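Okay, so chain A shows up in both of these, paired with chain B first and chain C after.
Our next item is the complex of A and B:
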């Protein structure tokens, strides 16, 4: 959406390139490039195809959830319950399979359905009862995790058949299976956000919900959809998680909401709503993951890693704020 | 009168894409009220922001008392004795009147080696300041949030005086005031003038200029047009200076062929502000809905538009009963609503003209689910041309447009939806004379040529009288009177608005 905010009377190729470079995503991309190059000089284990693909495997879950999170934050909302939905999905999957004896295929569907319903419930209360998203999802952050723990009774489910690991541990044409899924989802939902009526409505709601309503947009329906979508994507991430680590535990996905939100906000989505993009969010996800991995490989202790990542986040946000405010000067 | 206290010369200011001020000048003498007028976008706001230190001019100079000064921020303007009265913006609702007046420069007292606020002295000084303004009914201990708009404004004025302001800038100070508050404001302004305070007074309402100001300066398109003594000019001259041409007919009303009933409301009920409302609007007809603020006009419009769905009663469109429970349904039935609160309800100001124009018709500019930028841009370009919206490009953010042009964008959004019924709530509030005449002309044309049914809510009786084929009057949530165009006069409408007991007060013509 950034490109529509300027005055493109006669944009030349040069103008377009410049605009891309100083866009929120462009700046972030440069920061990422610099970080990667720096880390590559510190250790030769970092910038290898194997390592990068491996990191792609790890970032799929955060990346998949970052998509609906971007949608939600653009509307001015938030979903804190994604990690708990991920955990709940994993537990329902494992429990229905192991304890209730569901066929594994059915258990997967049941798990993903429960996650989707969990998201729908969030949306329903936010839209119908008018509970602020922060409060509602903070409540279900606890509630869904509690459900997961109650169902699992601290037992973990393991011993899945070989085919089940294809998604989390397998490869397709040399690339981790879940990375394919992420790439396809990113492309589809980036286009949905940037080009379709749904995307336009989300930006309108985030900028001015009343104005959107007064223009005849079905605000409630859109909100209900994105929270349900968030539940669904968190559930898919839950399935991938179980498949990747071969076991089911009720504490899966704890704290993942913060990674997701950090990535989305780092990617230029305003926490107040109204602006943001999927490419930005994904660059945010990649940047955080590469920093984590690169720093560990260079031998930085994990405590120090967190400090460095935090500092880079603040730095990136400062640089971006600086550039964006220069760009909008005179507005 | 002495020479100029503040003088601006050769002021030039550019923003990206806009040349806001071109070699403009302006001066204020000691103890005068100098009105600054012009259409929206004429550069008034930019000029006063330069005077109050918010913007710095690209060229030109400011002289205060014959000495050249530079104001690089609002604080320096304060120190130079220039204060601006904003609508509510400058106040803290959770703090008391006295705290607000002395925010940042409260009287201090030493206790145990610490400077602490001398609350008693502060309250006494606040009372004294208000007394100087002949305001004796305001408790300085009250929270500002509990005050009405008129009283908040008085607090703002007292605050400015507590800073020893010699020049007071008032930007549309009467926009949100009731009539009695306006009168009190006027007497405060006159009092200040007698004390030698200079006042820069910006208003859309020419009658206020004639009532209050000593001199008046007109800006148009960023250029200085002229300054007159108020006693040597008249409305016609000022209007032609403002718009650059004589507007022959402020309310161009075309005779329209009145067709079938488009909207019929039957016993609509949604207390407290919509009680048992029944009326009709026909094709080609403009029905004016008059009433005092709070009489339920907007609420009734919003019942029909589905924002506040009716609890009971019926809505018939082209003779068919329909159920409208949310705006999206109203839009589907061919109803458009140009709301009163343009910035909040009418527009999504952060978005572009293109995005706003297509907001209600996203389906028709899409191929399946995908929005076609080309179709959207064509739609927006059409709107810009047809409604002569002054904009750089359809991709301009609507925030940057003047009020009149913003309103045209809102109207274009609904025209794009090809409505059968268009509800216009205060369609020309806060927009300048030129844009106002254009919107009136457009309304007339839509009714006469396209057979559009228009329900127009307005607080301006001249507008109601001139534009309506039929006039409905609401009071306390009920329809209390109906007049034909021929029957209606200001007096009988005002009478109906205020109830039989109240005497009809002639409502001053506003521009």
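Our next item is the complex of A and C:
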């Protein structure tokens, strides 16, 4: 606490620019620019407005879940059940509409509510019973997916009315609808994290939970909120997913938790908690999506792209570790 | 210890009752006639099992194999009782559970056949009745008054760790499902569950060590797939089978050492390294194999199908490795150091332990165990699928965690992770036998994982109070 160095989270105006350049986000952004330019020289199908907007459509779900995941990882927790909550929401939506005869609007609300409750249950057990987040969400990863499988009994619901696809397949002012949603959510929640008491509290919890408790923060309420929030965002992503692919299946979103965590970690959020940002996470999401798409367009098979992405993940963290340790020495 | 010396509990004849009952049960099973067949005369169960002629008698449908298993359990408990008389109250409780397992067979038998014909029951011979009486006695022996045991042998203490809770859960499950559907207890089913999942238990041993040090490895699922294909391709290419079994161990150790290097020397968190490795290995596997499964392995390659001494090889490997790892982690300097590192890294460093070397060791060892698991997996069937079972890493991590390994490091044993693997897969099989809709399997499994974790937390909290 009594360090003579300037606190990296309270920069003076003087070295703000320098900080930005060598911050994790800055480094990552440079990596992204370089790869985009490189990919653009290899194929002319990559750097087109149509293609980029199409990719925006694909990354909305991962991006939306990455927001609460960043919050959770900043507090030192993790949520592995997001993919299962996505699947559960999709199934509840389809099942209440087709089997129970709910109006579609009500079915959407029911689906999102059940996803939110699923997140709330995670939070409740983590906070009240003291189950470590990794274990709790590992158990609900199986449980929620199991509920989805049990409710759906391998039946898929399809045949939605036209207006339902607006969110997943439609456009607003030439930009995919869900991309609007993602952009708005990113702006709001980036500000919440960086500029509000709630956001600061999350960093405090991640750096020193006991300390945060003793300084009078309502740690439990904050944690309960972010896990519920995670359930809600996964549920919204589930709704978008159904709207995009026009059907519900119980295996929707399987493995998305690893994509989300990879993006968040790539974006500079430390898995041990205490540091991280929403812009970083979103750059992580974009970088992964563009790499996937760009490599496929340049003729690399989609299986080889996951090798590249895995390597980029390790390499980016390595570079960042190196830069951050140099920065600490330089200060 | 001093208390034990001041008030020693003398060995009395009643302490030998467990051994006596076990010998009666096992002896009757293997030597005394079980049923009188008009055309063949009296035969023991063991003979009948071999001849497989007795199926029409309905002896096997009701899972008679559970009797010698329970007898073995009673024998072990009886020996324990003689060695530590102070614990006999707690032991007598466990012995009653084993006795109940014997009686399950009879409950099923009478339920299914008593209505048929009284003559059928009258054809049962001495072993049938002797084992029933011995089973009932094994239950009733709990009523024998015993001296109040000293503190550390109280029954509550006996359930003081996750391992015994899981063992008890496993016995209870076998007991309940055995009554609901006797076919669950057939040797074939039990042995199928054990054989089919032994490789998960072996991989969970490595995972347990990794988690004890406070790290995690989520790349194991794809690594099992890669090493299995390497092994299969080598043997198809004409390498002798023993080499094809060994090389995956070395490749696994190499990849494990690489992960360990990134974690220990370049200080990248293990979850990030293995998340990256997960994609890299999976991608390499698919590109390399082009999704083509491996077939036409020579006959002597199928290690998992061998049965030395009549016991399936995977079960032998699982049991031996579990014992080795338990002893090694408990008594070797390195094993103790893993706990120290996971419990308090700073204190471990101050007491002169090299964190880097320990991390290298644990990840390399984990690679070896994944190698063994992958060979057990690849030699199971006549073909090797290039895609390992989906979410295999989650099954492995779940087994370790449910087995009592704290995800924060520092606690947990190998026996817990092996028992948990068995429990999780017995649950899966049991649900099929009691006709749970297959669509709900995963949900019930998730609930049970949650219940186990909660039971562990509540127990720990109570111990703290």
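We adopt the following convention: the second predicted complex is superposed on the first by the 314 of 331 C-alpha atoms of A that agree within 3 Å, B and C clash if a C-alpha of one lies under 4 Å from a C-alpha of the other, contacts with A are read in each partner's own complex, and residues count from 1 in each chain.
FYI, a residue touches a chain if its C-beta (ideal position, glycine included) is under 8 Å from a C-beta of that chain, and two chains touch if they have at least 3 such contacts.
Owing to the predicted nature of the structure, the values given are computational and were not obtained by experimental measurement.
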If you stack the two complexes on chain A, which partner ends up touching A:149: first (chain B), second (chain C), both, or neither?
second
Touched partner set for A:246, first chain B, second chain C, both or neither:
neither
Tell me which partner A:166 touches in the superposition: chain B (first), chain C (second), both or neither.
neither
After lining up the shared chain so the two structures overlap, which partner does A:310 touch, if you call chain B first and chain C second: first, second, both or neither?
second
Applying the touch criterion given at the start, work out whether A:48 contacts chain B, chain C, both or neither, answering first, second, both or neither.
neither
In the superposed arrangement, does A:139 touch chain B (first), chain C (second), both or neither?
second
Identify which of chain B and chain C touches the larger number of residues of chain A.
C
Chain A contacts chain B in the complex at 4-9, 195-198, 200-201, 203-204, 207-208, 210-218, 274, 330-331
Note: in the complex, chain B contacts chain A through residues 15-17, 305, 307, 326-328, 330-332, 337, 339, 344-352, 354-355, 359-360, 362-363, 366, 369-371, 392-393, 395-397, 399-400, 413, 417
Which of the residues in chain C come into contact with chain A in the complex?
218, 262, 266-269, 271-273, 275-280, 282-284, 286-287, 390, 394, 397-398, 401, 406-408, 437, 439-447, 449-450, 453-454, 457, 461
Hey, which residues of chain A end up touching chain C in the complex?
125, 129-132, 134-136, 138-147, 149-150, 152-154, 254, 258, 261-262, 265, 270-272, 301, 303-311, 313-314, 317-318, 321
